[in-house]
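Notes follow the structure.
The chains carry the letters A, B and C, assigned in the order they are written, with residues numbered from 1 in each.
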Amino acid sequence: MLEVDNVTIRFGGVVALDGVDFVVREGEILGLIGPNGAGKTTCFNAITGVAKPTKGAIRFNGESVAGRKRYKITRLGIARTFQNIRLFPEMTALENVLVGADARHKTSVVGALLRVYRVPVKRHELAEVTATGGLARLAQQARRTGQRFFGLSRHTLEERAARAKATELLRLVGIDVRAGELARNLSYGEQRRLEIARALATEPGLLCLDEPAAGFNPAEKEELLALIRKIRDTGVTVLLIEHDMRLVMGVTDRIVVMEFGKKIAEGTPAEVRENPKVIAAYLGVPADAA
Amino acid sequence: MNFQFVLDNLAALTVTGLTQGSIYALVALGYTLVYGVLRLINFAHSEVFMIGTFTTTIIWAALGFGVGAAAPSTLGVLGLILAAVLAAGAASGATALVVERVAYRPLRKRNAPPLIFLISAIGASVALMEAAGAITNRQPRGMPSLVFPKVQFSIFGADVTNLQLGIIFSALLMWVGLDTFINRSRLGRGVRAVAQNPEVAALMGVNKDRVIMLIFILGGAMAGAASVLYDVKVGLTTYSVGFLIGIKAFTAAVLGGIGNLRGALLGGLLLGVVENYGAGVFGNQWMDVVAFLVLVVVLLFRPNGLLGESLGRARA
Amino acid sequence: MNALLESARRADERRAKAAIGIRDRWSSLPRPWRIAVLIAFIALLYSLPGLDIPLITTPDTDFTSVLFLCAVYVLVAVGLNVVIGLAGLLDLGYIGFYAVGAYTVAILGSPNSPVVVKYPWIVCVPIAIAVAMLSGVILGWPTLRLRGDYLAIVTLGFGEIIRVFALNSDITNGNRGINAVPTPSEADWPSWMTWFPTIHEGRPVFSVSSVIGFYWLALTVVIICMLGVRRLERSRVGRSWLAIREDEEAAELMGVPTFKYKLWAFAIGAALGGLSGALFFSKQTFINAQGFDLFTSILWVAAVVIGGAGNQLGVAVGAILLAYLPERFREFTDYRLLIFGVALIVMTIFRPQGLLPSRRRTVELEDRAKEAPVA
């Protein structure tokens, strides 16, 4: 699904990534681990177009990511969360998710203004007349008749579908009761979940999570693990950066270990756990001595 | 369009441009200092300059050098300029400090969004300008010529007068003083620390409020000095004098790389020279247009200005 | 002194609370009721020139002209709100677009302009909007890639360039200006309209001496534009603008084509600015480079922020205050800008979210107030 092919990134004289090579397979949960400064986030930045590789290629479903605009990479099917939460603080939780969902919408600016692109609707799709009062009822009926003849604008249809989808995603991550709350008013944990919901709303094939459990207590971590599995079960491939070894061992299918911008190991959690280089990297012991 | 004129008078245009540009540069320093530390466009800085120009006329009149006074001796000239720089520097610095206290500090305490700072700055600018307008009945105020331009020497066919020489030299002197202060003194180190990383600076025991006061006073004093040079050069001031100079100086600061002291100097001088060339080619009325077009073009190719932004790394 | 400030602050809190209360009650009203109230309110706006309401009417100037000016300023504010309030782009040279729109109408429609065509008003105005929009795109294309702070200075430069151009170019007749700017129509009032006070049969609908036709036209345009912008606000477009305002990079990574939407915001703002300029100078019938100074442009920005950036009703109130107060209190002409400046500072200290904050801002600022004592 995603091929990271011999990618090197230099910032001035500093080599942040040095010939990193790995593959994410469709439907798996791949963990990307390593000590601080190992280049994990840089790796994410390269995949999502934030950092440009000095050398090497990144391909998603066979298509090169390099040189693409960032929003186009997102539309290609790669979504991400941020290590330091970056929501839209003065928008509600629901609106945050809707922004993500907009990545798949086709309404243009002119379309949103004039709403002339109409789509016919079937009778049973029309809104029910709910009002009992005379004037209100009349108004609703008129509206219904209008929709029957002129259909609905693409804007309206997309908006409806997006709201339903967004609510669904908020429920998936478990914060649907907070939908109308401003993002800045959510608790830390809720904000982390909202980031995941927002990323999922872009309908990604690959979801990149950058330390989603940072600052969580063990119970919250457990919940997060369940959520990640649930996301994978809906058919989304997950690339997970994580600091907490135990967490990664518990949920991932395979693990790539990085140190000083290089890949030092790759394999199943069990294999990686036994790998002397990994032990050395994490415990700070030279590889030969271990 | 008159390219031949510019080519024939290149040296002369350069000298007048440098003169004008050194005033821009001094005013630009105020924008750069504040922006470097607070990431804030201090819109009221143009009025800080305006206050300086009036202070100069007042102090001169008080010293017996009012309208109609005879030109003083060389020593007298130096004395008057020194007195004016001290007075205007003090008045402008005080004005800048008041603006900081009244218009910015309450907002900073409340962590207000940047747009609000700008509005407050506009408010302060309008209030100061209009107060000066009301006091002076919106009449321009003239002053006698302090220095009669006398050609000192010629370079590449351009006559350089003592006035031009004095202005450029004074501006450079002020700039060197400020640069040395920021880069060598203990207080200056505090300024650079806050500009680079406010949180770390606070942890290291730098008092941010003190630093902010300092940069407003320094920037104000530079504008005050610039206002004296302006008065000597133009001999006339009015309540709205700051607006255009302020915009030009800010342009100069951005041109050189805002937040960067050397950038302010370079940007100021460059802007003065380039707009003078432009005026030569297209006619005087297009001077400001040329200035802005140069800014846009430079920003397109160097989005952070010619020398880049950073007060903190001004030495590098 | 402090006690006085404190009590002023508390009074203002109460006012804001009341405003929010009214808004909540408003949004809980059933839709037909809301529409009915809205229609009544709009009818009131249309009939204002005929009602001689004491205290509100301006003693020193023609009240209808003041209303017209208010309507034009509201249109300006609505356009500027798209750029500043929604997309978060600081445009200090908005008056440039206003000038472009006005001059396009004057040049194409006046027989006395250097360009010897004379198109009717109804043809000129769409062209003016298009030209203004195009100038927005031309300015935005290179500059919207720059950082936000720089946009302020570049737009400021643009405003100044347009003014200098108007002053010195041949096509604008320089400072002599262009007269006989076309009016919307040469028609006269029909007899069935004479029931309305100050309308006389056979007088031209659009004339400098009786501005009521212009006011009604401007009011209609304002209402249409506000509804249009509201539609955009409540669609993916408005959401994208807000996301860009909040965190541009994150927006881009969530699939928002940020440059495209910023350019659209700029273009729409420019179009509305051009339209308001075209409207205003159709009434003036004379145009020269005076009246396009950057100072006015900056005051507009202030009006938008004072009213409450991001909220259409708020920015409309801000614009009306900016247009109306100086006309109402002519006796303070010398001091009005001084008072305005002081008011701006006081405002930002007491009500940084504007008189009528957008719903979002209200919640946010209440939170900040709660956080303040803790910090």
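Basically, a residue touches a chain if its C-beta (ideal position, glycine included) is under 8 Å from a C-beta of that chain, and two chains touch if they have at least 3 such contacts.
All values reported here derive from a predicted model rather than from experimental measurement.
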item	value
Chain contact graph, described as a line, ring, star, complete graph or other shape	line
By mean Cα position, the chain sitting nearest the middle	C
Where chain B and chain C are represented by their mean Cα positions, the distance between them in whole Å	33
Distance from chain B to chain A - Cα centre to Cα centre, in angstrom	49
Whole-Å gap between the CA centroids of chain A and chain C	39
Residues of chain C whose C-beta touches two or more other chains	none
Contact footprint of chain C on chain A as seen in their complex	48, 50, 69-71, 74-75, 79-80, 82, 86-92, 95, 98-100, 102-105, 107, 109, 112-113, 115, 131, 133, 135-136, 139, 155, 158-159, 182, 184-185, 198-199, 202
Complex interface listing, chain B residues touching chain C	35, 39, 41, 102-103, 106-107, 110-113, 115-120, 122-131, 133-134, 243, 247, 250-251, 254, 258, 283, 285-286, 288-289, 291-293, 295-296, 299-300, 303
Chain B-touching residues of chain C, taken from the complex the two chains share	84, 88, 90, 142-143, 145-147, 149-150, 152-154, 156-158, 160-161, 164-165, 167-168, 294-295, 298, 301-302, 305-306, 309, 334-335, 337-338, 340-345, 347-349, 352, 368, 372
Touching residues (chain side chain C, partner chain A) in the complex	30-32, 35, 228, 231-232, 235-237, 239-240, 242-243, 246-247, 249-258, 261, 264, 268, 360-361, 363-364, 367
